[in-house]
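What follows is a set of structures to go through.
The two complexes that follow have chain A in common; it is paired with chain B in the first and with chain C in the second.
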Partner chain A sequence: MNVDGTSYDQGLYGSLCESMRKCIFKVLSVGPIPVHVAFIMDGNRRYAMKHRLSEGDGHKAGFMNLCHILRHCYDMGVKYVTVYAFSIDNFKRRPEEVQGLMELMVESITKLLEAESIVEKYGIRLYFIGNLKLLHKDVRETAEKAMKVTADNKRVVLLVCVAYTSWDEMANSMDKSCEEKLDEVRKGGGIQGNGEVIPRGVRVEDIERNMYMSVAPEPDVMIRTSGETRLSNFLLWQTGKTALHCPRALWPDLGLWDVVWGVVNYQRSYSYLRDQLHK
Partner chain B sequence: MLRLSLPISTRLSPSPREKQDDASPGGLPYAHSSPLAGKPRLPSLLLPGLMPRHVAVIMDGNARWALRRGLPPSAGHEAGVRSLRHLLHLCSHWGIPVLTVFAFSSDNWYRPKAEVDFLMSLFERVIRTELDNFARDGVKICVIGDSSKLPSSLQKAIAYAEESTIRNSRVQLIVAISYSGKYDIVQSCRSIAQKVKDGVLQVEDIDEKLVEQELETSCSKYPYPDLLIRTSGELRVSNFLLWQLAYAELFFAQALWPDFGEAELVEALVSYQQRHRRYGTRSS
Partner chain C sequence: MHAYFKDMAGTVTMRIIDPWATKVVNLGVLLLWHYIHFIVNVCYFLLGLSGAIKSYLISTGVLRKYRALDLGKLRYLAVVIDSVEARQTEKVIELLQWLAKMGVRRACFYDPEGVLERSKDVILRKLNFISLLEDSTDDASPAYEKKLILEVASKSDGKEAVARAANLLLVKYLKSKSSSEDKEENFFTEECMTEALKAVGCRGPEPDLLLVYGPARCHLGFPAWRLRYTEVVHMGPLKSMKYGALISAIYKYTLVRQNYGK
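Now for the complex of A and B:
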């Protein structure tokens, strides 16, 4: 697989596969296509063990497959893709593995910014979402550079959650919301009531506005690979109404059919959810 | 309807109880006969040392269960109460200390008024009539959610039940009524903001531990579910316990809630006990 998301085989077989892929997307487009798909990319290490590779090679295979999956999503009509690349909990792993992952992140982000990469081909705007202060300096700087370089891309969006947990995101948002309320009190702002100004309480909108993920709508579909069915502190606030899909495939093995199935399940439950919301 | 294949971890055969439609007298089929008789023994499939401490349930499917039988939604909700009673009885005897159930979401206020009024009176009736069973089974009841929207008679019934059962210690039943995960987080934030305004806390003190203490589930010794079960085949958490579900194992059962019984609970617990929980780290 290439960093632009295409596979090596571009001959007759490749052309047939591409035609079939376009046909599948055409059929899917009869129903609602999710605007935002989120992925928990689980299984790189188990993939490496299965294929007798080093742990680092398992993560590299995961990165290559990410480009492949992004291509499927964007070609299908998905506008936002969010991936859970590195949790704050992952810092508890062995220092060698954490260091290896930090180095891979720098390498991967650099590759994404190269000419003819998938970022350029699809006009992807990159966001790195999380408590970036926790990252190693070189990773943080590379991520910030990538966000700056792609800031004018408008076609599609990739949000990469690094040094992220939902708890950290929500606590950070509450911190900011409380600061705002305190400022409001200091300036005498609030709601007029009974002859005095009452500070307006924190609302859902205040918390949402201060979330790291406020740059994107809530996901329509969340896909977690490797067969585990848990959220692992990922987008807890944002996935209250998201359709979940948990294929058994390990992340580097996730393919077109798994993504299609996730979208089909979303379309199947779409009318039920719409009816529930309108009741 | 096209039958779609779910991942194996969530794929379950239809409940055998769906075939018992005509089983009971009185024209009202229900899934459980004498659910409260005796002390149910823990099935040998389950390991006592690996039981979850807190099970949460999204009790979905009452209305569909009733629709399939040509009954009004109220019949489905009544059948749902029987399922809950049975589940609570099993939890109290199988060593599951906390059971949280999603009885009424904030979104459910948008349902037809007649159905909402029926549910409010059902909750009040069940809470009042179950007090003896709570005493017998050692159930401590707590209700979470925005109680300001509930009828005052229901609020009073809840307050009385909570006070009457406060010393019970075998199993804690947390009933989420007029609840949403976002509401819980916002009220936690409001409480923290008030403390900051009053000078009890500084903004810098706000962390995950503080948020956890202000959530409505802080009424429990084990506020975070180990296992979430959602019935009726829908694969979503529907704004339930958003913060608290961070590391919970999710189990999606195909059975509609009134058909969820001992066999389905065993299946969920077996699945839970086979899972490998890493919390973001490595096992080796």
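Now for the complex of A and C:
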């Protein structure tokens, strides 16, 4: 598979598969299509072990499959895709593996910015979400460059969570919300009472506005690969009304049918989830 | 009649623009969509049927591996119930009886709209083996140890509790410093947050396993701060809950291995 997410097979079989894929999306589009799909990309190391590859090759296979899955999602009509690429807890892994992952991230982001890549073809706006200060300098700079270069892309959005945990996001958001309230007092705002000025209270809306993920709506579907059923400190705040789907496939093996199955299940519970949103 | 269009990825595709042909194609697509969902419904019905048989075999003790559950790993269980279904208090009581029978000693029952909070007095009157988390003590007597410590939570213990905790920290900060001074970077750390949440009443621990009773596999806004590594399992509607399915879910949990990102 190429970095633009297309298959190497461009012959008759390839064309047939492509037509089939479009037919499936056409049929699916009769029902509601999720606006935002989030993925926990779990299973790269298990994939490497299963195929007797090095850990690095497992992660590379994971990146190639990401392009594949993005293509399916965007062709289906999904506007936002979020992927959990690297957790703050992943820094606890062996230093060689962390270093390898950082190098792969730089390589992958650079590939995504090349001409003819999936980012250019689909007009993807890239966001890197998380505590970017924790990343190695070269990764942070590459990520910042990617966000800047794609800032004018309007069609679809890819949010890559790196150095991210939901706990860190919540604590950071509360910190920012309190900072805003203190700023109000410094500028002469706040509530006057008993001869002193006190800050206005922090509201849920303040915290939500200051979340890293406030650039996108809450996910409609969350897909965690490898058959695991936990959220692993990912989007805990944003998934209260999200349909969780846990296919058994390891991330590099996740295919079109797993995504389609996730969307069919979303459509089955759509009316219930929509009612929950309005409560 | 046909025309050629470019799709999102720039690939040229052929589309039919004859209005009648378009109508026929759309009708075909619509029928196909309903047919697929019909097949999926049938599959889920058959899965439900096989689940019911398995559940029956588990509850009658035919499947031996489910007989001896090791509950040592399950320190805290959470149960999320859709608010409409949570109105079936008799079912909630039956579920609590099953949990106590299995040996679960600490559980949190959550529904977004607070239906369970309103019916907890009825539940407590009917079940004398339950003690509420807020009334729990460090009593280590054998009689107390046999009790099921229950926490009842709702939406107000979720996002709203985080906002309350933020305000508590803000007040604490203002008391310790003058607001005119610059705030230290990251005054509100994860540790401070955990303490503040406990102070505003969210003192329950992180559940190991969360069982969802309702139409969809969705945690319905269970306090986000407590869901980091919790396994989320969908159990289906409360009205068709099964004892064997509960044992099966807990048994599966005892086999899960987590590496916490390492």
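Simple rule for what comes next: the second predicted complex is superposed on the first by the 260 of 279 C-alpha atoms of A that agree within 3 Å, B and C clash if a C-alpha of one lies under 4 Å from a C-alpha of the other, contacts with A are read in each partner's own complex, and residues count from 1 in each chain.
One rule holds in what follows: a contact is a pair of C-beta atoms (placed from the backbone, for glycine too) under 8 Å apart; a residue touches a chain by one contact, two chains touch by 3 or more.
Computed from a predicted structure; not experimentally measured.
A.B. asks: With the two structures overlaid on chain A, would chain B and chain C clash, or do they fit side by side?
C.D. replies: Clash: chain B and chain C overlap once superposed on chain A.
A.B. asks: A:G227 contacts which: chain B (first), chain C (second), both, neither?
C.D. replies: A:G227 sits against chain B, while chain C stays out of touch.
A.B. asks: Kindly classify A:L12 by the partners it touches after superposition: chain B alone (first), chain C alone (second), both, or neither?
C.D. replies: After superposition on chain A, A:L12 lies in contact with neither partner.
A.B. asks: So, does A:L28 touch the first partner chain B, the second partner chain C, both, or neither?
C.D. replies: The second partner, chain C, only.
A.B. asks: Looking at A:K121 after the superposition, I want to know if it touches chain B, chain C, both of them or none. Which is it: first, second, both, neither?
C.D. replies: Second partner only, chain C.
A.B. asks: Go through the superposed model and pick first if A:R155 touches only chain B, second if only chain C, both, or neither.
C.D. replies: The answer is second: A:R155 touches chain C but not chain B.
A.B. asks: Just chain B (first), just chain C (second), both, or neither: which does A:P247 touch?
C.D. replies: first
A.B. asks: Of the listed segments of chain C (9-17, 27-35 or 81-89), which one clashes with chain B in the superposed model?
C.D. replies: 81-89
A.B. asks: Taking the contacts chain A makes with chain B in one complex and with chain C in the other, which residues are shared?
C.D. replies: After superposing on chain A, chain A residues 87-90, 92-93, 165-168, 170-171, 174-175, 177-179, 181-182, 185, 199, 201-204, 207, 228-233, 236-237, 239-245, 264, 268-269, 272-273, 276, 279 contact both chain B and chain C.
A.B. asks: Okay, in this complex, where on chain A does chain B touch?
C.D. replies: Touching chain B: residues 45, 87-90, 92-94, 97, 165-168, 170-171, 174-175, 177-179, 181-182, 185, 199, 201-204, 207, 227-233, 236-237, 239-248, 261, 264-265, 268-269, 272-273, 276-279 of chain A.
A.B. asks: Within the complex, which stretch of chain C touches chain A?
C.D. replies: By the definition above, chain C touches chain A via 7-11, 13, 29-30, 32-33, 36-37, 40-41, 112-113, 158-160, 162-163, 165-167, 169-170, 173-174, 179-180, 183, 186-190, 192-193, 214-222, 224-225, 227-234, 256, 258, 260-262.
A.B. asks: For the complex, which residues does chain B have touching chain A?
C.D. replies: Within the complex, chain B contacts chain A at residues 2, 4-10, 107, 110-112, 180-182, 185-186, 188-190, 192-193, 196-197, 203, 206-208, 210-211, 234-240, 242-243, 245-252, 275, 277, 279-282.
A.B. asks: Using the touch rule from the top, collect the residues of chain A that touch chain C in their complex.
C.D. replies: Going through chain A, the ones touching chain C are 4, 18, 22, 26-28, 30-31, 71, 74-75, 87-90, 92-93, 121-122, 155, 165-168, 170-171, 174-175, 177-179, 181-182, 185-186, 197-199, 201-204, 206-208, 228-233, 236-237, 239-245, 264, 267-269, 272-273, 276, 279.
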